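Dropping the structures in below, format is structure tokens.
Two complexes follow with chain A in common, the first pairing it with chain B and the second with chain C.
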Partner chain A sequence: MLSLIIIITAGLLLLFVGLGRNKDILIPLAMTAILLAMFFQISGAGRDSALLNGMLVFDPVAVGFSVMMMVITLLILLLGVEYYADMDRNVAENFALLLFSLTGAILMVSFNNLVVLFLGIEILSIPLYILAGGKKKSYRSNEASFKYFLLGSFASAFLLFGIALLYGVTASFGLDEIRQAMPRFMDSGLLKTGVLMIIIGMAFKVAAVPFHFWSPDVYEGSPTLITAYMATVVKTAGFAAFWRLLDLALIPLPESLIWIMWILTFLTMTVSSFTALWQSSFKRLLAYSSISNSGFLMLVLLSSDPMSPATLLYYTFTYSLASLIAFSVLFSVKKASGGSEQLDIFNGLWKNNRFIAFVLAIALLSLAGIPPLAGFFAKYMVFFQAIRQDFLWITLIAILMALVGIYYYFSVFRFVFSSKGEPRTIPYPLSTRIVVLTAVLLLFILGVYPALLTGLFP
Partner chain B sequence: MWSLVLILTPLLAALIILIIPGLRKVKSIALTASLALLVLTCTLWFTGTGEKQYSLILPWIPSWGIWFHVGMDGISFLMVLLTNLLIPFVILSGWHKDIKLPGVFYSLILLVQFALTGVFTAKNAVLFYFFWELSLIPVFFMLFLWGGERRQSVTMKFFIYTLFGSLFLIAVFIYLYFQAPSPHSFEYQNLLNINLEPCDQYWVFWFLLLSFAIKIPLFPFHSWQPDTYTVAPVEGSMLLGGLLMKMGIYAMIRWMIPVLPSFSLQWGYWIMIFALAGMILFSVIALKQNNFKTFIAWSSLAHGGLMGAAIFSFNEYALQGVLFQSFSHGILIVLLFYFAQLIEERTQTLNMAHLGGLKVAAPRFSALMLVVFLGSIGLPLTNGFIGELLMLLGLFSYHLWAAILGGLSLVLGAVYMLYAYQKTALGPANELTAGFTDLNPRELVFILPLVALVLLTGIYPQPLLTLTEGPVKELINLAFNIH
Partner chain C sequence: METVTTAIRIIPLEHYIILCAALFSIGVAGVLFRRNTIIILMCIELMLNSVNLLLTAFSAYHSDPAGQVFVFFIMVVAAAEVAVGLAILVMMKRNINSVDINLLNRLKW
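== the complex of A and B ==
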């Protein structure tokens, strides 16, 4: 609880600090707050295991996910040093909104009550609707913001409707009560409809096919830093919440709904992978790659296993690190080539800046799941638990989609290592270098020794 | 313990090279490191180091049954010996060339060595897979950055094709893990105790076969290979043909047949037919090639076909022959690619139709090339002969017709090899080849030791055969008795 209070207070404080013209202390302030919150979260000081009559539970899984999201937010803030370097107005608001959104994310991974889940999702989303429209004069950014808002509200409505129906059947919002009541109402049409609505709402939020159409447009239109936040923290929160919902309350699902999950998983993996093949914009490619990774994460949810939280944590963390590198490279190269986001801005990157080409290669190799990078064990864990739960066929499909993934990640190398492209200097300031090097190092370390992270949940 | 040294030294050298600038320095360090490894390997061999001293088990992720377990028996040792023997020559082959980004290039070569040693020594399925997939990455970048024309599309095809096979490998290993007797583990010994129901787990066998057959490659999974060998820089071709291909053969002998012996025996017949048909087809295609590198690629495919067929006859002769042939084929193909490089440097072409008359202009060159060609045919006194003879003996004890078809390999090999030799070396010299300079000392340093090995192991193959004799017997007993 203390960590939530610290982050919220820091957000409010940032708004006041932003009134003066002292941009330089914003990021240190926000980072200190997150570090402090992290400390309290890890040490357990000020962290009661159950809060507000058990509506919030900070069990090991919740702590693991919230600390991980804080780490990623820290890295994003550091990237913000460069990103907001030439912006003078409304910088404080951006950081404050990020912190508010992080609060929502933490609620989403630690809820034990559907009301808290809904609150968490809204606290996460509303700041993001504003942040997505951060580039006020840009048509695309406004479109992204509006689309995100409209479809996000739509999804929230579905979710709320589902929660209401579930309440109607089980007479409770609490996950424990719902789980106890579930077996008695297994055949109730009302319950099935309710759970279906909740699944649809969550599928919207995590951009599972066929509820994904907003995602590439929003990713493309939003400011790159915010896109990075969406692809990492928001995605992690979404899947952690989805897993928590299923594992603590809704599993075992009624037979018909398992089929719905099956279809969602299958479509998310296949449609996004094949669509990604045709992208010429790097940002859209990353958007589709994000959806296709959602497909693998859906497979984790589908093949519910004691290992699931460890798999989700490891997968989302390593995926987030690799995505952060990719987005930071995109941002720097884009700045040096006049704002284009097409793949051909990478032409000759290898000759212009070895360092950037190298880290981008590492990020893509990890996303593709090549050892010794962390992406390998992430995919391995997904396959492992899916096969343990006898989901053989969909695992084979997942493997094929991993191959398609490798193809489109590697096709970026055609540009990076091509002999075309004129020489230019690409600025890559120290703060960004620190973030990227940390991420690369973590990808190697976790790739060689995954037990560091997966050992957290015995 | 020694296995770990053999695995880690190339990695260490690769990292050092990355930091150090300067073409000369990079090359010397790479060569020194690889020569030191060769000396170490030979010392270990001659001092008769036993299996116990090679084996090492460290906990990696014990809760998932993944151990860092490495070890070497004679089969592994032969493969490691081949790797460490060829890598110095691969490095030496570009000694005079001005390679761009030498630090990265040579560290990629050493990374291949690192991954290969890992593949050949791993005793844990996940560790094996880890190295197996890792070995592709340095090769990918070598081809992608230093290859010839059309390098990007060819490299992508090669990479996706070979990965297509290996990705299923991990699914198969996970599946076998759950089939293995409890406590589950990815340890090799544990996987050997699996008793799969023959009727409903065919797919395990086919996926294993797919991933290994693509690697060798066997007919009909060969379409990536000729282009890749042709486009790759000569170092890359040497690595692919000399070493990476052996991964597939090694994996079949080690990881497929002992683990799934009943399937292998049941279906070996069909695979053998495909492999032999492929061998004949590839030989005919090789006959029609004009590009020297493409020609080597097809001839290597034909040799691979015979080796694949011999593996599935699964008796002592055949396996000994396959392993011996892997060793000699590695040496021969590195020499062949080196000759291709020499020809290309001197005449700016690889088109054999434009060559001819090298015998007059460069007698030493032609004489040594003839030895290598004869080795590839499998003439007595060369190492190619021993391997082919043993494989044919193995095929013969399997079935008469297998031996007859396999014997065609010798005949067809002679046809396409001698035809190629005729096109390049015999006949009158033309304006391209008239000024062909003969071998200089640096080139002799590369060629003579390897040619000496070709003859030496051809005349006295016993040390190498002794190396693999025990393990091969053990493997066959494992496959036939336990199951």
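== the complex of A and C ==
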């Protein structure tokens, strides 16, 4: 609870500091707040604290996910040093909104009541609608922001209708009460409709096919730093919330709904992998890669396995690190080549700048799942767990789609290592280097020694 | 308070569910088929308000105040959401001088 208060207060403080136009202290202030919040979150982790009449529970899983999202936000803030270097106006608002959004993400991973789930989703989303439209003069950014807003609130309405029906059947918003009441009403049509609508709402939020069409557009139109935030923290929060909802309240689902989940998983994996094959924009490629990773993560959701939270945490963390590197490289190279986001801006990157080409290669290899990088072990854990639950066919399809994934990640290398492209200097300031090197190191360490993360939840 | 809940209970629960489902469907249809963004925003409000009505009815039938408290949360969030949505619309109007949703087509695969 204290960490939530610290982050919110820091956000408000940033807004006031921003009035004074002293841009240099914004990022240190925000980072100190997050570090403090992280400290309180970890030190209070031992006791099983239920807050607000049991509506908010910081159990080990919630603490693990919230600390992980704080780490990623810290890295994103450091990337912001370079990203906002040329901007003089409204920089403080950007960081404040990021912090507000992080609060929502923390609520989403620690709810024990559907009211808090809804509030968390909205506190996460509303600042993001604004951030997506951060480039006020750019029409693409406007469009991304409006699309995100429209489909976000549309999805929230579905989620709410589902929650209302579930409340009508079980007479409670608490996850524990719903869990107890579920078996008694298994055949009730109202309950099935309610859970179905909740699933649709959450599927919109985590961008599962066929509810994904907004996400490539929004990813492409938003400012790159915000896209990085969406692909990492927002995705993690969405999946952690979805898993928590299913695991603490809704599983075992009625038979027909299990089928719907499988169809969603199947479509998410296949459609996104094949669409990614013909993307010519790197940002859109990353968007589709993020959707196909959603597909792999959805394999974990339905298995009520004690290993699930560890798998989810490990997968989302390593995926987030790799995407962060990719987005930071995209941003630097884009700046050096006149604002284009097409794949051909990477032409001759290896000749020009060995360091950037190297970290990009590491990120893509990890996303593709090549050992010894952490991305390999993440995929291995997901498949292993799915097979242990006897989900044979869907796992087979998942493995095939992972192979398709290798193809489209490697197609980027064709540009990076090509001999075309004129020599140019790509600016890569110290703060970005620190972020990227940390991420690369973590990818290697976690890949070799995954128990560092997976051992967290007994 | 007692009289209000008894008044709500005069009408059978099924009628509330059907009414709310109908209102929600009208909202969904509006979002999907209307082209003016202001009307789309109103349709989203309609969807949220049908949820509010449903929650109130259930809450009266269960004699449980939690549902009515949730209604207040939804109203607050809806207000915040619309404030942001209208601001985005104003930003768009300044750039392209229109609020027609068909113009949102620059981002395509």
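Note that in this section the second predicted complex is superposed on the first by the 454 of 458 C-alpha atoms of A that agree within 3 Å, B and C clash if a C-alpha of one lies under 4 Å from a C-alpha of the other, contacts with A are read in each partner's own complex, and residues count from 1 in each chain.
Throughout what follows, contacts are C-beta pairs under 8 Å (C-beta built on N, C-alpha and C of every residue); 3 or more make two chains touch, one makes a residue touch a chain.
Small disclaimer: the values here were computed from a predicted structure and weren't measured.
Of the two partner chains placed by the overlay, neither chain B nor chain C lies in contact with A:84. Applying the stated contact rule after C-alpha superposition, one finds that A:119 touches chain C and leaves chain B untouched. Contacts of A:136 after superposition: chain C is touched, whereas chain B is not reached. More chain A residues lie in contact with C than with the other chain of the pair chain B and chain C. Once chain A of one complex is fitted onto chain A of the other, the partner contacts of A:370 are limited to chain B, with no touch recorded for chain C. Of the two partner chains placed around the shared chain by superposition, chain B is the only one that A:417 touches, whereas chain C remains out of contact. In the superposition on chain A, contact is made by A:388 with chain B only, not with chain C. Using the contact criterion defined above for the overlaid structures, shared-chain residue A:407 touches chain B, although it does not reach chain C.
Judged by the document's definition of touching, no chain A residue lies at the interface with chain B and also at the interface with chain C. Chain B contributes residues 60-61, 63-64, 126, 130, 133-134, 137, 140, 144-145, 152, 156, 159-160, 163-164, 167-168, 170-171, 174-175, 178 to its touches with chain A in the complex. The part of chain A that touches chain C in the complex is made up of residues 115, 118-119, 122, 126, 129-130, 133, 136-137, 139-140, 142-147, 149-150, 153-154, 156-157, 160-161, 163-165, 167-168, 171-173, 190, 216-217, 220-221, 275, 279, 284. Per the touch definition, chain C reaches chain A in the complex via residues 17, 20, 24, 27, 31, 37, 40, 44, 47-48, 50-51, 54-55, 58-59, 61-62, 64, 66-67, 69-70, 73-74, 77, 80-81, 84-85, 87-89, 91-92, 95-96, 104, 106-109. Chain A contributes residues 350, 365, 370-372, 376, 380, 383-384, 387-388, 392, 395-396, 399, 402-403, 406-407, 410-411, 413-414, 417-418, 449-451, 454-455 to its touches with chain B in the complex.
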